[in-house]
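Consider the two complexes below, in which chain A is the common component and chain B and chain C are the respective partners.
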Partner chain A sequence: MQLVKQHKNMLMIGFLFIIVVVAYLFLWMFTHSYDAISTDVFVRILSRRSIHLIAMMVSAILVVLSSLIFQTMTHNRILTPSILGFDSIFIATQTMIVFVLGNTSSLISNPFINFALSSITMAVISVSLYQSMLKKFNNNLALMLLFGIVIATLLRSMVSFIQTIMNPDEFQSVAAATTVTITSINTQLVIYVLPIMLVIIASYVYLKKQYDVMALGRNHAVGLGLNYDKLQRISLILVSLSLAISTALVGPLSFLGLMAVNASKEFTHSFKHGLLMIVSSMIGIIFLIGGQLLVEQTGFITSVTVFISLFGGLYILFLILKENTL
Partner chain B sequence: MITISKISQAYKEKRILKNIDLEIQDQKITALIGANGAGKSTLVGVISRLLTPLEGEIFIDGVDLNSLSSSEIAKKLSVLKQSNPINIRLSVYDLVAFGRYPHSKGFLKQIDHNKIEEAITYLNLQEEKHTYLDQLSGGQKQRAFIAMILAQDTDYIFLDEPLNNLDMRYAVEMMGILQRLVKELHKTVVVVVHDINIASAFADHIVAMKDGEIVFEGPTIDVIEKRVLDHVFDHDFCIECVNGQKVCLYKTSSESERTIV
Partner chain C sequence: MHKKPLYSKRLILIFLFLSLFLLSLFIGVSNISFTDLITRDERAWHILLTSRLPRTMAIILSASGLSIAGLIMQSIGQNRFIAPSTIGTTDAALFGVLITFLLLGSASLLIKLSFAFVFALLSSLMFMTLLSKLHFKEPIYVPLIGMMYGSIIGAFTTFVAHRYDALQVLSSIGLGSFTNITSGRYELLWIILVPLLFAYVFSSTFSLLRLGEDFATNLGVAYKKVVFLGLVIVAIVSAASYVVVGPLPFVGLVIPNLISIYYGDNMQKSMIDLALFGSIYILANDILSRLLIFPYEISVSFMMGITGSILFIYLIFRRGKYATS
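Coming up: the complex of A and B.
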């Protein structure tokens, strides 16, 4: 009975996934009135949209998988790096880079160098922060939450202070770098970064059985011969890198990870990371691309993050109230 | 045989284990007893490499544990720590299947499924096979964990207070299972127990610890002695023999008052 329902859920998710992808590629043809569109233009628009689609899909997968693995590492269903202040780390990094180097510096204006600089800085900061957190707090949920809130508030105050004393031009470039801007993704950049992202995703998939064991907790996992501490170190680096890269590419996607991971756990009722990875990635993509479609259809009145937070927040509330457990 | 040689362990400044030397005898139930904080759980943690010892070596069948990879060790030695909160929803079968991880790396073959079924049958959990852990009673849950350990198919089994939170019936049932593991499957079981009477009734061999040291070790009949236990627990015991089995009785406060008077 439950199995049938699960299969139905899975089918529905797969179906939605295909609809969203196809809609993103072709819907613009019907909603924007082009008089006579030449094949040349058509192909150009389509290939541009395909690259955006790939960038969004891969970023969504990275964000979602890193949230899933972070939850496995911390043994709970609430915390994601975003909740522990990762978005604030991103904004603070961007602000500091612009503030220190100035917005005319070649390090800022060259998209490749800027990308490398901000993702490496973020990865280093988050690895060191989360490493000490995992070591000191022993997976104590309350302590970790407190830590996250304090970090987020601290960085936000610092950012708002620096932004006040910045000149307007610099402020503009920070603002541009810290909002989700899928339409202005540098397609060149996507092509260069894609292999790195795929390697990270492949590593997650390769480690899936080890994550199943890790979810049992340290005692059981070590007893079963898992090299727990090593896996934790590797995962922390993978998580930090995924978030740093995807955030530097498309901007902070705050709620996406939390929502997609929890939804997939509800839908599948499974503990197997292989299945969870597939389902949560698809849900993440549906939300991100669906949100982007909405943004386009409504004439860019707002950003994707707003849609994700709006629907994602409501959905999470619904889940918590319905299940009454975490 | 597991040989422990000069093991020391400390948390910050506090020394928990001081130069422990111990040989664990094959195909016996060895009970580790001692007051709270004597270092019993730490010793089990060190042997099962949940903790890294500060000094000392552990040999398993003559091979240094440090020279083995963690998955090789997991094929020789299994461990169940006290209180194992698992916050994912698992059925009994799923849990027992995890016991095969050291052998299968998560890709279960037919032989693994057979071992899982065997372990479930051995612990009489066939009916609960597809029940979720959170729907089981304390005794059933503990049996499911033992089934997992059994599926792991190791010669040596370490259990850290497996009787915690079990009432008398389930505690006795659990010890009976351990005795069968030794007798029928030729396992070597080391178990940390708080209840001396349980140790007295079911263990073949007792290791008594105090302040991070082994203060006494020997066959059960020799350890359940007033002289030994008084020293180990700093308590005035009263030991009687009932039906050929030694039992320790509590001194109630009114009695100790009477002795003072």
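Coming up: the complex of A and C.
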């Protein structure tokens, strides 16, 4: 019985996934009344939309998988990496680069170099910070979490302080680098970064069985022969890289991961990371692209990020209330 | 037995408070000295009465109000990490201000305050109901849910503001600062004294709330009514300070925690210390924010974000299991 229901759910998700993708690529033809559209324009619009589609899909997958792994590491269902301040670390890195090196530096003007530098800095900062914290707090996640929240506030205050004493030109370039939205995706960057993103996704998939063991808890996992600390370190690096890349591409999407991972656990009733990865990625993509479509069709009443935090947040609260325990 | 150290600690607090109070009166771009005041220099007195004194009073009022509101909220929620800023009360107040702007345009402070108050009260009532329906394995999850709740309200606020082209209004009230406080612009803050008086009268009852609903009811507390009264107090204080000054992070969270480390949880005894310590904290931050890039000023909420985080990290390191009590 359970299995049949599970298959039905999976089929429905796959079906929705295809609908959303096709709709994103072709719906504009019917809602915008073009009298006669030349094949040239058609191809141009279509190729632009496909690049956006790919960028959104890959970013959604990265956000969702990093949330999934983070939740496995922390043995908790309502955490996202952004609660630990990963988003603020990204913004702080960008601000510091501009502040220290100036906005004419090639580190800022060349998107690829900037991107490489900021993701590496972010990975180094978050790994050194949280690795030492995990040791210091004896893997007490509650404390680490609080620490992360405070670090996020601290960084945000410092960033606002630096931004107020910056000159307006520098401020503009920081703002341009940190307030990305889906409608302003840097298409050139997508092509460069795509291979890196695929490598990261592949490593998540490669490690899926180890994560199944990790989910059992530290003691059991170590007993079963898992190098827990090493896996934790690798995962922290992967998570921070994923977030750096997706934030740089499409902006912060913290609730998306939370929502998709919880929804997939709700639908599949499974704890296998292989299955969870596929289902949660598909759900994440459905929400992101569906949200974007909705925003486009309603004439941009709001940004998709606001849309996702509104509905994602409500959904999570609903889930928590339903389960009645945390 | 322990009375003597307690009083000497309080004396230190009073001494610190008075010296910061005087410092705050005399620091600023335009120079006034003590001799000016004695010789009845008209300009010096004018500056003192229209700018420096209102600013300092605004700091003291909002600081004592927020610290005590934080303690009341922590008693109601039986959790040390609850404060108006961590469970969405300030987000709701912001939403209230936005609604005032959309319905009435530029309204008077009093109207803004009443809207902010209504929304803050509704939001904290909703959150406390939510909290009473859930069972938490670890107290740390309460502020997590609170922040999630706050960010939903925040997202909704952004949505409405974006819809009606009022995003700029949001960013202009999102910064806390005492810079614009002059006489005529802060008097509304005196309203905080009313809820504080109530807080003092009912302080021992609020302390009992920490024992939980069943226990408190057994001890003769009209639980629901007291909780409601507490939430009204918190909502008035946070709405008033939000409308007049802007967000002041960490005060409601850090100050009650630090005080309870040294003085315990007896609210009746520690209320004065709370007010003193809260005022000292914001006064020191405000003076720093005036001096760091003199003659310009940094927004005090940045300053407090930085010092508050450092204090909070100290708290976390100091007591691992502290939150549970």
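Following the convention adopted for this analysis, the second predicted complex is superposed on the first by the 317 of 326 C-alpha atoms of A that agree within 3 Å, B and C clash if a C-alpha of one lies under 4 Å from a C-alpha of the other, contacts with A are read in each partner's own complex, and residues count from 1 in each chain.
The criterion applied here is as follows: a contact is a pair of C-beta atoms (placed from the backbone, for glycine too) under 8 Å apart; a residue touches a chain by one contact, two chains touch by 3 or more.
This one's a predicted model, so the numbers in the text were calculated from it and none came from an experiment.
When the two structures are aligned on the shared chain, A:Leu226 is found in touch with chain B, with no touch to chain C. Touch counts on chain A: comparing chain C and chain B, the chain ahead is C. Shared-chain residue A:Ile149: touches chain C; no touch with chain B. In the superposition on chain A, no contact is made by A:Asn167 with either chain B or chain C. Residue contacts after overlaying the shared chain place A:Ser303 against chain C, while chain B stays out of touching range. After overlaying the two complexes on the shared chain, residue contacts for A:Thr39 are found with neither chain B nor chain C.
In the superposition on chain A, A:His75 contacts chain B only, with no contact to chain C. Within the superposed three-chain model, A:Asp212 lies in touch with chain B and out of touch with chain C [touch as defined at top]. Shared contact residues on chain A (touching chain B in one structure, chain C in the other): none found. The touching residues of chain A, counted against chain C in their complex, run 78-79, 83, 137, 140, 142-143, 145-147, 149-151, 153-154, 156-158, 160-161, 164-165, 301-303, 306-307, 309-310, 313-314, 316-317, 320-321, 324-326. Across the complex, chain B is touched by residues 75-76, 208-210, 212-213, 215-220, 222-227, 269, 271 of chain A.
For chain B in complex with chain A, the touching residues are 48-50, 69-75, 78-81, 84-90, 94, 98-99, 101-102, 105-107, 152. Within the complex, the chain C residues that touch chain A are 81, 130, 133-138, 140-141, 143-145, 147-149, 151-152, 154-156, 158-159, 162-163, 249-250, 293, 298-299, 301-306, 308-310, 312-313, 316, 320, 323.
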